[in-house]
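Chain naming follows the written order as A, B, C and D, and within any one chain the residues start at number 1.
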Amino acid sequence: MEKIRIGSIGVGRMGICHAESVAYRTPDAELVAVCDLNAELAESTAKRLGARKFTTDYHEIMEDPDIDAVLITNTSAAHCECIKAACAAKKHIFCEKPTGINFEELNAIDAAVATNPGKVIQIGFLRRFDKSMLDAKNRVLRGEIGKVVKVKSVTRDPGKYREYFDKFLPGSGGIFYDMNVHDFDLCRWFAESEVKKVFSSGGVYAFDEFADFGDLDANSVTLQFENGVMGEAEGNRLAGCGYDVWVEIVGTKGSIDVKCGRNTFVVVKDENGIKEEGCPWYWERFGDAYTAEIVAFVDAVKNGKPSPCNTTDARRAVEIADIAKKSYEQGVAVENYHLFG
Amino acid sequence: MEKIRIGSIGVGRMGICHAESVAYRTPDAELVAVCDLNAELAESTAKRLGARKFTTDYHEIMEDPDIDAVLITNTSAAHCECIKAACAAKKHIFCEKPTGINFEELNAIDAAVATNPGKVIQIGFLRRFDKSMLDAKNRVLRGEIGKVVKVKSVTRDPGKYREYFDKFLPGSGGIFYDMNVHDFDLCRWFAESEVKKVFSSGGVYAFDEFADFGDLDANSVTLQFENGVMGEAEGNRLAGCGYDVWVEIVGTKGSIDVKCGRNTFVVVKDENGIKEEGCPWYWERFGDAYTAEIVAFVDAVKNGKPSPCNTTDARRAVEIADIAKKSYEQGVAVENYHLFG
Amino acid sequence: MEKIRIGSIGVGRMGICHAESVAYRTPDAELVAVCDLNAELAESTAKRLGARKFTTDYHEIMEDPDIDAVLITNTSAAHCECIKAACAAKKHIFCEKPTGINFEELNAIDAAVATNPGKVIQIGFLRRFDKSMLDAKNRVLRGEIGKVVKVKSVTRDPGKYREYFDKFLPGSGGIFYDMNVHDFDLCRWFAESEVKKVFSSGGVYAFDEFADFGDLDANSVTLQFENGVMGEAEGNRLAGCGYDVWVEIVGTKGSIDVKCGRNTFVVVKDENGIKEEGCPWYWERFGDAYTAEIVAFVDAVKNGKPSPCNTTDARRAVEIADIAKKSYEQGVAVENYHLFG
Amino acid sequence: MEKIRIGSIGVGRMGICHAESVAYRTPDAELVAVCDLNAELAESTAKRLGARKFTTDYHEIMEDPDIDAVLITNTSAAHCECIKAACAAKKHIFCEKPTGINFEELNAIDAAVATNPGKVIQIGFLRRFDKSMLDAKNRVLRGEIGKVVKVKSVTRDPGKYREYFDKFLPGSGGIFYDMNVHDFDLCRWFAESEVKKVFSSGGVYAFDEFADFGDLDANSVTLQFENGVMGEAEGNRLAGCGYDVWVEIVGTKGSIDVKCGRNTFVVVKDENGIKEEGCPWYWERFGDAYTAEIVAFVDAVKNGKPSPCNTTDARRAVEIADIAKKSYEQGVAVENYHLFG
C-alpha cells in the first residue's frame, strides 16, 4: 500500500480541518474524495485540496474501492449510520466524537464494528494526541511517578462566549456529555481502569439562561476507578482568563502537571503587576492535536497498529457522563453496575 | 491597657515558637510567664525570653491577675481542660488545634466559652494567617472573582518522611482529622457557608504500614456547601517533590491560585531540563504565618476585635472530618444532618 | 488583483517551508512556479504543491509576466544576483537573510531596489513576525512601558549540536554575522533608532575547535543607540537546556519579557525537583513565524503596505555585526561613523 | 569561648535590624552593649534587647575587654574611623557597606586591618548571604553549569519611590557607587576573578531631577574579567512592577537564574489576564539575608573561619564603580590598570 487514500465525509468547520490535514500535513495519505450535503462546498473543497471526486452522497464514498479510509466528520446525528455503512464497506474509519448519541446507537455501533475486523476505527478524542498529554502519558507508562494515585482533569471554557454558548449548547446534551466527556476520557486513559462509582456536584452559578435548557454552567465529578485510582473531572463555562484546561496526575513517587499555556510568551511587568495573557480558546491550545490525531490514524492504518482511541473508549466516556448526570440529579454516589450491571 | 501580658502553657516544639513570637516579634505583647511540665525547660525559657514567672502548674498562670491572655500549646489531650480553666479565669485564649479530640470535649468547650463573653478565643488554623491566603481571601471579599463557585485545597506531605510518619501518625486520628482538617477549614473560610454533604475516596497507595494503624496515605473529599459552593479537599503523604500545598478558588468572573512556592528563587537550566527545588516542608511555606497568627491574636485582644478563627471554626472542621471518614467507610455520600440533625 | 501569483526560487530546507506556506497556508496567494537547480526536486515539488511551472533557471521565473512575486530562498551566494534580476523584472521580492554577503553586494542591492519603486521587498528576519515579538512591539508602540530605556536580546543555541556546528559554522561568517544579526535587528526594531557605538566581549569558552575557524562560542555586545536607548545582544552555542532565546524591553514605566517557552506544557514534580523541558530548537520556537512572515509579505503586496522588514533593515544588521566584530578584535568601543562616516 | 559577645554601634534603621538579629536570631551570640549618638535610643534599645551596657561613645565599646566583636552600623562617614578603632582594639568587626567613601579611607582601612590579624572583618554585601544566591554559588562551585561564561546582575528599584529617591540619592555617590556596587560584587563573586576592562552606558530617561544632582536613573555596565568571564551589571530606579532584582550565571554546560520572586504566592486569573504582584522592595526580597549575614559573621568568629566578604571585596566593588563611572563620562572602555596600575 502506497499512500492511504482517504474520503472525507462532511467538510464543515471540523471536517475541513481534517481534510486539510490529510491533504497538506500527512505525507502518508492523500485526499481522494470529498462529500458534503452542500454540493458547491464539496466541489470547491475537492478542487482546492486536489481530491479527484466530490459528491453529496456518502454512499458513493463507501462504494468506491479505491478509497481505503473515511473521515466521518458530518453532523453528530449521522455518525451512527455512517459508521455502519463504512463497516459494511470495510473501510478504515476516523469518526469525530460523539459516535452515538444514545445507548441504542452505541450498541449498534459496537455490533457494526464487530463485523469489520482488522480495520482501524479511531474516535476523535483529540486531547490524547496533544504533545503534552502524550508526553505525560509516556512518563506515566515509564513509571516516572510510580503508581497512579489520582487523575484530575479540568476544562473551563471562556465565559466571554456566553452568547455563543446560549446558541450552541441547548442541543449539546449538556455539560456532562458535551464537556466533561473529554475529562472522563483522560481520567480513564491515565488511570488505565474502568469507573466503578461516581459522585457529581454542580449548578448554575452565573449564566441563568443555562437553567432554561436544563444545563449547568459549572460542575465537579468525583470518580472511583476499579483499580483504586481516584479521579476528578471539573468543567465550567465561566473562565475569566480564557480557556483554562489542565490535568494533574498524582503518583506514588511524584506528580505531573499538564498546564494550559498562554496566548504568547510575553510577560508585562508594570504598576499593575506581572501579567500574562491566558490561552484564548481550544484552537490555540489543541490546534496541533487536530493534525496529530489524523497523522496517528494514518499511521495505524498504514502500519497495522491498533487504534489509539476506539469505540469502546468513546462508549465508556458516554457511560460515565450518564452516571455522572444521574448522580447529580439524585444527589447520591452512583455505582456503574446500577446502570450496566 | 499597655502591652498584652501573656502566659505560655507548654513550650515544646510549637509552644516555643509562639512564645518567641510574643517575646520578639509582637510589639504589643510581652511574655510574662512560662509553664511547662518540664521544670528546667520552663525556667530556662522564661529566663531566655525575659518572662518574670515560670512554673510546672498551669493553674498558677490562670490565677495570676496580671496575666491577660494565655497560649495553650501543650499536648492536645490537655487542651480541653486548659480552655475550661482559662474561661473560668476570664483570660483571652489562643489554643493550638485541635481544641477537643472528641465531641464530648467539643461540647464542653462550647459551654465553657459561653461563660467567658467579651474575651478572644482564637484557634491555631495558621493557614488563614498566611500572607498569600489572606491576600486571596481579601480579593474574594472584594469581589475580584465574582461569586465563589468552587474551592479546592490540596495538602501533600513529603513522602520522604515516611519513617517519621510511621512514628507520629498512629496516634494522630488519621488523615481526615490530622491533615484534611486544614483543607476543610480553608474551604469553609472561602465558601463562607456550612457543609451539607460529603463524599470521600482514598486508600493506601504506597505506604503499606498505614493500613496497620487504620489510616490512608492519600484521599480526596468532595464537599457540597449549603450555598451551593463546591469544595474539594485532597491530602496525601506521598509527595515526591517536597511539601506540595496549594489552593484554588474558582469564581464566576475569575479564579485565584495560591501556589506552594519553591525552596529558593533558583532555576537551573541544563541538559536535564529547567529545574527548581520544591518547598521542603511546612515551616518553609508557613513559617511566617506562625508569627502572623500571634500578632493577629494580640491585635484582637488589644483592639477588641472578634476572633479571626474561633471554637466554632475548630468544631466545624472536626465535624467535616467525621462525616468525611464516615463517607469513606460506607462508600456513600453523607449528609451533615445524618450526623448532627 | 486576485491571488498573488508567486514563484519560488530554491526549494531546499528553508525554501520548501516557504513554498508550502504559499500553497497551503496563505489564502491570498498561490504558488505558480518552482525553480531549483535540482530539476527533479523542482518538478516533484511543483506537482505536489499544484504549481503550473517548474524550471532549473530562475530567469524563466523572472520573465514570466504572470508571476507577481518571487521568493528568493536559494543559496546565500546567489541572493544578490537574484534580487537584481527580480528588481529588473519589477517583481515583489521576499528574500531570505542575508541579502548580501559583503558591502559591495549590499550597495548593489540598494541600487537595484531603487530602480523598483512601489514593489515590496521583504527580508526574512522572521523573529519580527513571531506572535510574541509582535505583541511586545505593539505594546511598546502603544506606550505600555513608557519610553524604551534598554533592549536585551539573547540567542543561545543548544550545545548538544556541537558536531553540527563544526560542520556548518566554518562558512557562516562567524557569530556576529550569523547569530547576533537577529539580536541586532530586534534591538534596532524595538529601539527605533540607529546604533552609534558598540562594545563587544567574547571568546572560546568550551568548543575549542571554534578557534580553528576563527569564531567564538559565546559573546556579548553592548549597543548605544542615537536616541539614548541601551542595547545588549548576547549569543552563545553552548546552551545546556536547549534553545534559549529571549528578549527583554525595559521602559520608563514597565518592562516586557518575551520568554523562550518550553518543549511541552508538562511539569514533572518528583524527588529531583520540579522540572520542565526546554525548547528544543528554533523550529519549535519560531516555526509559526515562518508562515507568518509569508502571510505578511502577501498582505503587503496585495494591500499596498510598506515592507515590514526591508533591505535597509538587512543592511543595518550587517553593519552592526561588522562594528561589533571590530570592537571585539580591537578591544575598544567602536563608533559607527568610524566605519561608515 | 561560649557565646560571642557583641557590641552594636549605631542602632538606626539598619543597625537595629542587626542588633535584633544578634539578640533574637543568633543563638551563638549575645548582645552585650548598645551605642548610639541618641542616648535615649541607646538606652531603650539595650533594655529591650537585654544588653547590659549602653553609651553614646563608641570608644567605651572598643575599650570593653568583655566584648568580642562589634557591629559598625552607624553613618557611612564614621565607618573608617570606627574600623580603625576596632582594629586597634583587636575586635572582630562587622561593618555595613560602604567601608570607606574614598580611596584615602579605603587605603587607611587596609592598613588598619593588616594590624588586626586573626580577627574576622566582614562587610555587609548581604546579597551573598541570600539563600538563593548561596545556592547558586554552591551549584557553580560544584561545577553544575561547567565553567562560568557570563554573569549578569540586575538591580531595579521601584520607580514609585521617586520622591524618596530625590531626597535620599543626592548624597549617595550616584548609581555606580550606591546601586551597582551590589551587582559588581556579585559578578566578581561568581566570576572568581578581577575586572580588567569596563564599558558603561546610561543616562536620565525619566526622572529629570536626577540630572540636577549629577546622577543617572538607568545604566548598563559591561565587565571583562581577567579570566575571560563576561559580566553585565544593570541598574535603574524606574521599575514599574516593584523591586526587580535578578542574576543569571551562564556556564559552558548550563545556566542558573536567580529570580526576584513575588509579593505573595497568589495568581489571579480574570478578564485582564493572569497576574501576580511583583516583589515590593528590598526587604521582602532580602530580609532573611540580613539575619543570615549576622549568623555567618558569628559563625566565622566562633569557629575561626575566614570572612565570607572582606575589605578587599568591599574595595574592589568601589574600584569597579569608579572605573565604570569614568567609562560613562568618557564614552570609552576603561582598563583597570589605567586607574590602579
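Simple rule for what comes next: contacts are C-beta pairs under 8 Å (C-beta built on N, C-alpha and C of every residue); 3 or more make two chains touch, one makes a residue touch a chain.
Only a predicted model underlies this, so the values are computations on that prediction, with no experimental measurement involved.
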In terms of CA centroids, furthest away from subunit B sits chain C
Rounded to the nearest Å, the gap between Cα centres of subunit A and subunit B is 42
Rounded to the nearest Å, the gap between Cα centres of subunit B and subunit D is 38
Check: subunit A positions touching at least 2 other chains come out as 145, 239-241, 244, 253-255, 269-271
Among line, ring, star, complete and other, the chain touch graph is complete
Touching subunit D in the complex, subunit B uses residues 20, 24, 50, 131-132, 135-136, 139, 144-145, 253-261, 264-271
Given the complex, residues on subunit A that touch subunit B span 145-147, 149-150, 156, 159, 197, 199, 201-203, 205-206, 218-220, 222, 224, 228, 230, 232, 234, 236, 238-241, 244, 250-255, 331-333
Subunit A partner, complex, touching residues on subunit D are 160, 239-241, 244, 262, 269-278
